[in-house]
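What follows is a single structure, and I will ask about it in a moment.
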Amino acid sequence: MKRFVFSVFVLMVFVALVAAGPAWSKEPIKIGGIFSLTGYLSWLGEYKKKAAELKVEMINQAGGVNGQQLVLISYDDNSSPEQASKVAQRLISKDQVVAMAGTASVPLSGAVASMANRYKIPTIINSGYAVDTSKDPYLFNTSHKTDFAVITAYKVFQKKGIKKLALLMPIGPLGEIGGTAARKYAAEYGVTIVGEEKFDVKAADVTAQLAKIRNMNPQAIFAFVTGEPAALIGRNMDQLSFKVPLLVSHGNANPGFLKLVSNVRTQMLVPSGKVMKPEALPDSDPTKKVIVEFNKKHIAKYKEPANYFSAELADAIDLIAEGLRTSGTTDPVKLRDAIENIKGFVGMQGIYTFTPKDHHGTRPDDMILLTVKAGKWEVPK
Amino acid sequence: MNALKRYWWLILLAAIAVYPVIGKPSPYRSGLLIFAGIYIILAVGLDLLMGYTGQISVGHAAFFAVGAYTSGILTAKYGFSPAAAMGVGVVFSATLAFLTGRPVLALKEYYLAMATLAFNEIVVTLIIGFEGLTGGASGLRDIPPFTIFGFSLLNHLHYYYFVWTVVVLVIASSIAVVRSPFGRALIAIHSDEQAARSFGVDCAKYKTRAYMLAAVYASIAGSLFAHYMGFIAPDDFGILTSINLLVMLFLGGIGTIFGPALGALFLKLLPEITYQFQDYELLINGIILIVVLVFFPRGLFGIFTALRNKIVPRMGK
Amino acid sequence: MSDISHLVQFLFSGITVGSVYALIAVSLVIVYKVSQLICFAQGEFFVFGALTMTTLVSKGVPVPLAFFLSIIIAMALGALIQQVLIRPMKNTSVGALIVMTIAISLALRGLALLIWGRESHVLPPFSRGEPIQVLGAALQLQILWIVGITTVVLFLIWFFFEKTPAGIAMRACAENPYGASLMGINTQKTTLVAWAWGSGIGALAGMAVAPMLFTQYTSGIMPMVKGFIAMSIGGLGSIVGSVIAGLLLGLVESYTIGLISSKFSDTIVFALLMAVLVFRPNGLFSRS
């Protein structure tokens, strides 16, 4: 009998909750987040997740979008394409999100892209994945194009008279993309590629490759890698007293990298968004205000400044919100069209203007080249 | 009540068939079961090789990769129909297994484990190396959904039925193989190779055939995987995947066909519960495995049969 | 830089990596000799050693003290795992035991994630100073440490197994566990000691190489695989064989990268490995 009374009570509470639910407020708008929180990419997933959460919070505090609050539902992709594909599906069909953001590498983006296009959910990735709008109509990318990073560096090379560049590329997606971009723009900026070596990102030592590269007499080395291997190359160059600058990927523009290269003497060149050096921007730069404001909140909440990964995600959420505002609906297909029509939107990564052919939206001028001096980011003179 | 004991698998079959009608799963739910089904095919094939023939392999994902990439490349780049590409993958995998089988399977235990692991790494590094053909480490994109006679299986329920039909066929054929004279020869090799040889069993031939069969199943699983994902990258075919398959076998109960299938299902669905533990997920997964291995040495299937034997006689009274 | 300096640079690079492979292989062999089991969690001891020492050093513990403390912690951990998790599984198949060690490695990796987080950690070199120039190639001081530690460890192992009663008992156990137990040797205790040794040496490998690498919770997977390879080339049960094989593996890798192709170096290494296994099924150094 007791059990029966209890069951009836539970049932009543349940009914009351269900009935009261819709009366509270309008349903929040769900946005999906896919982040690498475990596995080999887990060191950067956390930065992205934090920034996305902060941006959602900021938008909600300002009254939300179209009178509705945003809610971020995020999952871990284990740094595995299979898992990324699974969580994308979970977000789309179980949580019924209107849009997705995240993913940290080219294969992960590829796996999520396949689901986003299949189920027609606008998705803003941030990795080296080049969005081909004819095949990926639902995909946008807030990471700067690899081409832009290369152009930004080549412009500085031109100024400094660096003409001979050697490539030391990781075996993997980044190496493939970096090598292609480096060759594509070499002639335009008077750079000659004197040779290319490959290395395994899990390797403990790349001095063998560096010894070969030294024979090519380059004035700089370009290694399109992120994190540990980038620092390892720098350290191995120290050991060989091989004193040329080392250009690495824009994924290194974060505080973790400063720690990794804390006792490396090789000059590291890191293409970056402007987020890493707001104080070096002129006040006339419209992105400065956005960066400074987000940075302040980021420091207040997480006790550390925003970095390149934070900016990618903050912009991704912002662009989704902007699309929701201009389209006035939560229909994913209309939302996609609205995002594609965004013009001159000021974000942290630059000023976005999307077209049916360009889903990256940013320009080479939205990037700067940084170097590390005494544990701090500096703009090379 | 003996009927229940004998025909319990019919209930299972019915459950598989009826689930989408009653459960009305979202594409996500059926997606989970599709992935689980694909891994069941892999695990059951590996069970024939490891559980019955006693030949360890730490490189089974190599054939998974061969199937996936053959299907992916032929359909995305050369316009093959998915069924034809799957066929080519099967032939290719079987040939590869035939060529490598004899020398590799002459090895024993840890040496065999090592050689199969090396084989797995070779396949993966070749996929990464020949990026022009395979898309390299960035992955291969634009793989179309599966079609049968022009009928697209893009709908998740259609693909669920397709994959699970293959699962049932694989399990049924595996049971048939195990009960055939060929299967008995395999078991004989497992228990004592020398004795089997003295009875005139050509061990190398039988081992190679078991290897080829396992490779064919893995290749089919690979094709199913590629068409469902629409995108494949080498990350999913490394030795970690092979090691995961080993875990599925022992977790479920090796050498029982149904055990490894159960292990695959369990391991693929476990993260759905443990993902919410976030940072603790890895540790908890490890502990769950340890607990099963320590307390249930015959695996999950051992628990299942024990329960069945307990319940059925009681019901018979 | 001349061609000779190239070859010397590849030699240094090969010895560095090879010593690590050799140490891991030795740690695997010691456990294997006593219990006929390859412990797939050995890579995790590598990580625990490196990260424990990094933490201790960053907390201001002097390097030598941190060094020995980390080894002792790893040894205790290994012994604990053997006692609590491996010992109760005495009567199960080798396959199940291997999977058990895989499960242990998962749990340890999860534990490392909780303790040290996701980021990579850097351990300062054991001694500061410029690399030494040898024939135009640069030799890092840490490489001398690695080689020195490897040598000392090998000597200690030799001394232990050849000269001490406990070591001789362990060898007896490895050769004939039943006979050894009849002789009154406590097989249970020797297995425990072997695990402690194995875990300690695994951790030592991680610590020695930590200043040249960046260590995080997943860093143990690759060294484990390479150590396993070295061990099988060396013939599973042979300490000397696995040391030579480990060094050889490092050198082959380094010279393949330097002289043939960096893109397919892993393909070549693994293909060579398969060839060795097929043509010398009992290891490269077996007499038969």
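Points to keep in mind about this one:
Lettered A, B and C in written order, each chain numbered from 1.
What we mean here is this: contacts are C-beta pairs under 8 Å (C-beta built on N, C-alpha and C of every residue); 3 or more make two chains touch, one makes a residue touch a chain.
Predicted model, so just to flag it, every value in this text is computed and none were measured.
The greatest centre-to-centre distance from subunit C, using averaged C-alpha positions, is reached by A. In this structure, the chain pairs A-B and B-C differ in their number of contacting C-beta pairs, and the larger number is found at B-C. A separation of 35 Å divides the Cα centre of subunit A from that of subunit B. Remark: subunit B and subunit C have CA centroids separated by 32 Å (rounded to whole angstrom). For subunit C, residues that reach two or more other chains under the stated contact definition are 113, 263, 266.
Looking at subunit B, residues 129, 279, 281-282 sit in touch with two or more other chains. Counting partner chains per residue, subunit A shows two or more touched chains at residues 37-38, 171.
Within the complex formed with subunit A, the subunit C residues making contact are 1, 5-6, 9-10, 12-13, 16-17, 20, 113, 118-120, 122, 124, 131, 137-138, 140, 209, 212-214, 216, 218, 222, 254-255, 257-258, 261-263, 265-266. By the touch rule above, subunit A contacts subunit B in their complex via residues 37-38, 75-76, 79-83, 85-86, 89-90, 92-94, 106-107, 110-111, 113-115, 118-119, 129, 135, 171-173, 175-177.
Listed in rising order, the residues of subunit B touching subunit A in the complex are 26-29, 31-32, 35, 128-129, 131, 136-139, 141-143, 154, 229-236, 271, 275, 278-279, 281-282. Subunit A makes touch with subunit C in their complex at residues 37-40, 42-43, 45-46, 171, 197-200, 202-205, 207-209, 211-212, 214-215, 227-228, 231-232, 235, 239-241, 256, 259-260, 262-263.
Only residues 50, 56, 103-104, 106-111, 114-115, 117-119, 121-122, 125-126, 129, 239-240, 243, 246-247, 249-251, 254, 279-287, 289-290, 293-294, 297 of subunit B touch subunit C when the two sit together in their complex.
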